[in-house]
Amino acid sequence: MTDQNKFDYILQQADNCLILGQRLAEWCGHGPILEQDIALTNISLDLIGQARLFYQYAAEIQGEEKTEDDLAYLRDAWGFKNVLLVEQPNGDFGFTIMRQFLYDTFSCYFYEALMSSSDERLASIAAKSHKETLYHMKWSADWVIRLGDGTVESHNRVQQALNELWSYKDEIVIETSADSDALAAGYGVSLAELKEKRDAKITAVLEEATLSIPEGTYSHKGGKEGVHSEHLGYILADLQFLQRAYPGNEW
Amino acid sequence: MTDQNKFDYILQQADNCLILGQRLAEWCGHGPILEQDIALTNISLDLIGQARLFYQYAAEIQGEEKTEDDLAYLRDAWGFKNVLLVEQPNGDFGFTIMRQFLYDTFSCYFYEALMSSSDERLASIAAKSHKETLYHMKWSADWVIRLGDGTVESHNRVQQALNELWSYKDEIVIETSADSDALAAGYGVSLAELKEKRDAKITAVLEEATLSIPEGTYSHKGGKEGVHSEHLGYILADLQFLQRAYPGNEW
Amino acid sequence: MSTELLEQKFNEKIDQEVRIEPKDWMPEKYRKTLIRQISQHAHSEIVGMLPEANWITRAPSLRRKAAALAKVQDEAGHGLYLYSACETLGVERDDLLADLHSGKAKYSSIFNYPTLSWADMGAIGWLVDGAAIMNQVPLCRASYGPYARAMVRVCKEESFHQRQGYEIMLTLCKGSEAQKKMAQDALNRWWWPSLMMFGPTDADSKHTEQSMRWGIKRFTNDELRQKFVDVTIPQAEILGLTVPDKDLKWNEERGHYDFGEINWEEFFNVISGNGPCNKQRIDARKKAYDDGAWVREAANAYAEKKAKKKVA
Amino acid sequence: MSTELLEQKFNEKIDQEVRIEPKDWMPEKYRKTLIRQISQHAHSEIVGMLPEANWITRAPSLRRKAAALAKVQDEAGHGLYLYSACETLGVERDDLLADLHSGKAKYSSIFNYPTLSWADMGAIGWLVDGAAIMNQVPLCRASYGPYARAMVRVCKEESFHQRQGYEIMLTLCKGSEAQKKMAQDALNRWWWPSLMMFGPTDADSKHTEQSMRWGIKRFTNDELRQKFVDVTIPQAEILGLTVPDKDLKWNEERGHYDFGEINWEEFFNVISGNGPCNKQRIDARKKAYDDGAWVREAANAYAEKKAKKKVA
């Protein structure tokens, strides 16, 4: 391993992309409107694509001749570094939208900042991903507004989703040692700066959506350190099954 | 392998027990009444116990020094011989009850007949299992009656379950070559005779339950030959995950 | 103009292979047949998403996962084009969906079979998309303009899917014993249903003659089926797989493969609702639609609010 | 008899360790305290089913799957005894459940932690059941008869569970590197929450004094916690696992292990609803109850019909 910290830092985001992409893929064929089924699948596809770029780079840093698939398919649950937010079950469309919005408002500013990374490879992945994420954030924010300011039922549903997800939104901007080392080393992103922009965006969109901002300040955490919810094990049982059942094959 | 046909014959029932036991285990902690949560878990436990006795015997016949766990955890979906009935998702409590009733009315008469098997080991497993199954059938039949003749809602729910499951009830009494060879060889059970008793029991209970017997005669099949529904893959992904992820370990 | 004159002009256009466009006069039966055929095709695309979506979360590599997502997304896209083509004939998507959910409208019976292993993703691409292309390529020349144009886009993507599916099979067949077994098992299960995709034999096909007259069908069921067999058998040979038909052999005289009798009882059973997954598929579609009602209502309510604000 | 006289006789019984039975007079506060304590214990049993039920479908061998089913079934059984003991104090199970669902009644906070690997099934048996037994064994001598008798049955089964859990850990620790890692990871996550199971320090424990006076608590929280640590450390040593406490060491003088400061902020956070799984657990219980409403109604309706027929 040439740089353990960079490896960990990259996996954090790679795992966020993979797990959220996997969750969105569960919607495929089951969306509320055909156009939105396509949008959900499209975002899933973008996220899997981002995950691949990160895993490929991480595998190179690891230097053990492993591949993107080794990292995605052969790590145990405790090795995954994604935040708890992205492993939450889909719930209804409103819940999925709110989870997406709380993720997109992170990832969009994250990639924006990562484009200035001292690591050129990271900067280039960020540039590609940022474009995609701009579209994702526009889509999820539009839907938060549409549902929040739609009918009484949609308002209540998306407010409920917001209440439930509120304590999961900050883990992603709480620094781990990988985050602070990455910042210090010049290839990482300042989560403190990011959080300010992000919070402003969240507040603006929620206000336009006529939603009430929950009061709680408690934040669930653990995912970035490999301590997950009970959901992740089931996600990985499906995701990894074939690779586990038939090890060492080409697919 | 000393006797391929006997091996296949035993797996049919072993797999029925395992997969239905697994489905019932999903209820654990989620039952509608604490006493019935216990009953569901208890039946699941009995079924897993029966599966173990059959797998142990099958592994001996196979003669490759394999264990019950090799048979349960390391076969692929197409190697499983359970009927489609037992892999159907739990649905609501009424659906689970009806699925159980349609299985118990088979297994009870199956074990009753298998007690006269020329194979002493099978006869003895059957004797033990028959006692358990008598209790299961009493429980599921009582609940079919209670729900069928309970409220309008419960009647409709359990009628709906009956309608949906009707085309899954006969695969289990349609002879495969393993069934007919087993009967000819003297260690198997006559499914034709069994079906008569079973149908009479089903009719009697459904009548007492004030349920309408569906008219359809079409029967889904495939499970006994390894052609399953899409559900089995997901069942096995969970069931087998640890053994697949960490092969060759003791647990 | 009298109806007879209109009909005569319509028939002349058909004969001269001039495209019929939405605003052109057309016989009511032509319109109805087109709605039935196009909507059935659209429904097939969206129901057809389900068996493949079933393996996305379990795709064995990230590359395959991405490809599977892209493929199913394409199918949703095809559904969109085709519903749009249908709407040019004066029906609403919601009404078409209602017919799908009630069972009044059909979709391709092939999607009532389950996807039981990863190899099914290969077999579906290779065989099912392969058969679909055979059926669909001639429709790029269909007499109704919006339909023909939709089919051009559909066919382009379908042949990409077909190659992708074949490549999955190829990878499996070059792989481990278990992978080869998986591939053979998939071929065993999908072969006959794929042949059934061309519909009943010409003798039993009730719509063929009129549809061919109208230029919305270009070859008979049996012609297309034969073509599919002739193209596919050599592909199976390259894979090293055995086609599950003991009567299959090259007929030097005909210059075609002879093949065994299709189990029409199974075919009609599946069509009439007794396929392995009919209920599961329609339930999934209905659930998606019903669970989405509040979302569609919210979107409409919001759009109305916005429109009002603009006026005010 | 005057209330004072009744209270005096009650206190005499307590002092003489004579059991109080349902029909005996008892102070209202004693009754309320018992209802709170016993129902909290009953709720802990049924909420406690959930984290372990989470691994039944994924148990790594049939033997372990059967044992896990049996164990969770036992917990449901304990729930039943304890609800019944509570009902002898004049409350209904449904009312107790309503308090659980509304958040008014508590359950053991330990069950708000997730089970993340198979090793958690070992760690829960070993540590959580181990700690529970420390708490519960003295309650077999509780002053209230039905409670004491229920606890005798509970404790007998719990110590079986505890040995079973330890044996799971032992198997893992004798196993592969991955298994050992799994076991250590489980110990890391469950150690401190297990120590928290004994409740706040004696200085902060508001109910202790009165409950000890009434014979429904026999040792203080800190006494029990020390005993648990003293018993458990040698067991961890046999497993070859490292207890995640850098301050842990044997104190020759005290004849006890010294151990580090508990993170009371986490403790109170979890109690107040912010544990990793509080919402998930209560939602699961509520869903089971709500989804079961029609079943309970049907059972009642049927029982009434039957009763009427008997009368007629």
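The letters A, B, C and D name the chains in turn, as written, and every chain counts its residues from 1.
Please note the rule applied: contacts are C-beta pairs under 8 Å (C-beta built on N, C-alpha and C of every residue); 3 or more make two chains touch, one makes a residue touch a chain.
Everything numeric in this text was worked out from a predicted model, so none of it was measured.
Q: Chain by chain, through touching neighbours only, how many steps does the shortest route from chain C to chain D take?
A: When the steps are counted carefully, the minimum from chain C to chain D is 2.
Q: Using C-alpha centres only, name the chain that sits farthest from chain B.
A: Relative to chain B, the chain with the farthest C-alpha centre is A.
Q: I want to compare two interfaces, A-C and B-C. Which one has more contacting C-beta pairs?
A: Result of the comparison of A-C and B-C: A-C.
Q: In angstrom, rounded to a whole number, how far apart do the mean CA points of chain A and chain D lie?
A: Centre-to-centre distance between chain A and chain D: 37 Å.
Q: List the centre-to-centre spacing of chain A and chain B in whole Å, with centres computed as mean CA coordinates.
A: 42
Q: Spell out, as numbers or ranges, the residues of chain B touching 2 or more other chains.
A: Chain B, residues with two or more chain partners: 76, 237-238, 241.
Q: If you look at chain C, which of its residues touch at least two other chains?
A: In chain C, the residues touching two or more other chains are 58, 178.
Q: If each chain is a dot and touching chains are joined, what shape do you get: line, ring, star, complete or other?
A: Shape = other; not a path, cycle, star or full graph.
Q: Tell me, which pairs of chains are in touch?
A: A-B, A-C, A-D, B-C, B-D
Q: Once bound in the complex, which stretches of chain A touch chain D?
A: 76-78, 164, 167, 218, 220, 222, 227-230, 232-233, 237
Q: In the complex formed with chain C, which residues of chain A make contact?
A: Residues 18, 22, 25-26, 28-38, 41-42, 44-45, 48-49, 51-52, 55, 68-69, 72-73, 92-94, 145-147, 149-151, 153-154, 157, 238-239, 241-243, 246, 249-251.
Q: With touch defined as at the start, can you tell me which chain C residues reach chain A in the complex?
A: So the residues of chain C touching chain A come out as 46, 49-50, 53, 56-66, 69-70, 72-73, 76-77, 79-80, 83, 118, 168, 171-172, 174-176, 178-179, 284, 287-289, 291-299, 301-302, 305.
Q: If we count contacts the way the header does, which residues on chain C are in touch with chain B in the complex?
A: Spelled out, the residues of chain C in touch with chain B are 51, 54, 58, 114-117, 178, 185, 189, 269, 274, 276-277, 279-280.
Q: Across the complex, what residues on chain A touch chain B?
A: 76, 234, 236-238, 240-241, 244-245, 247
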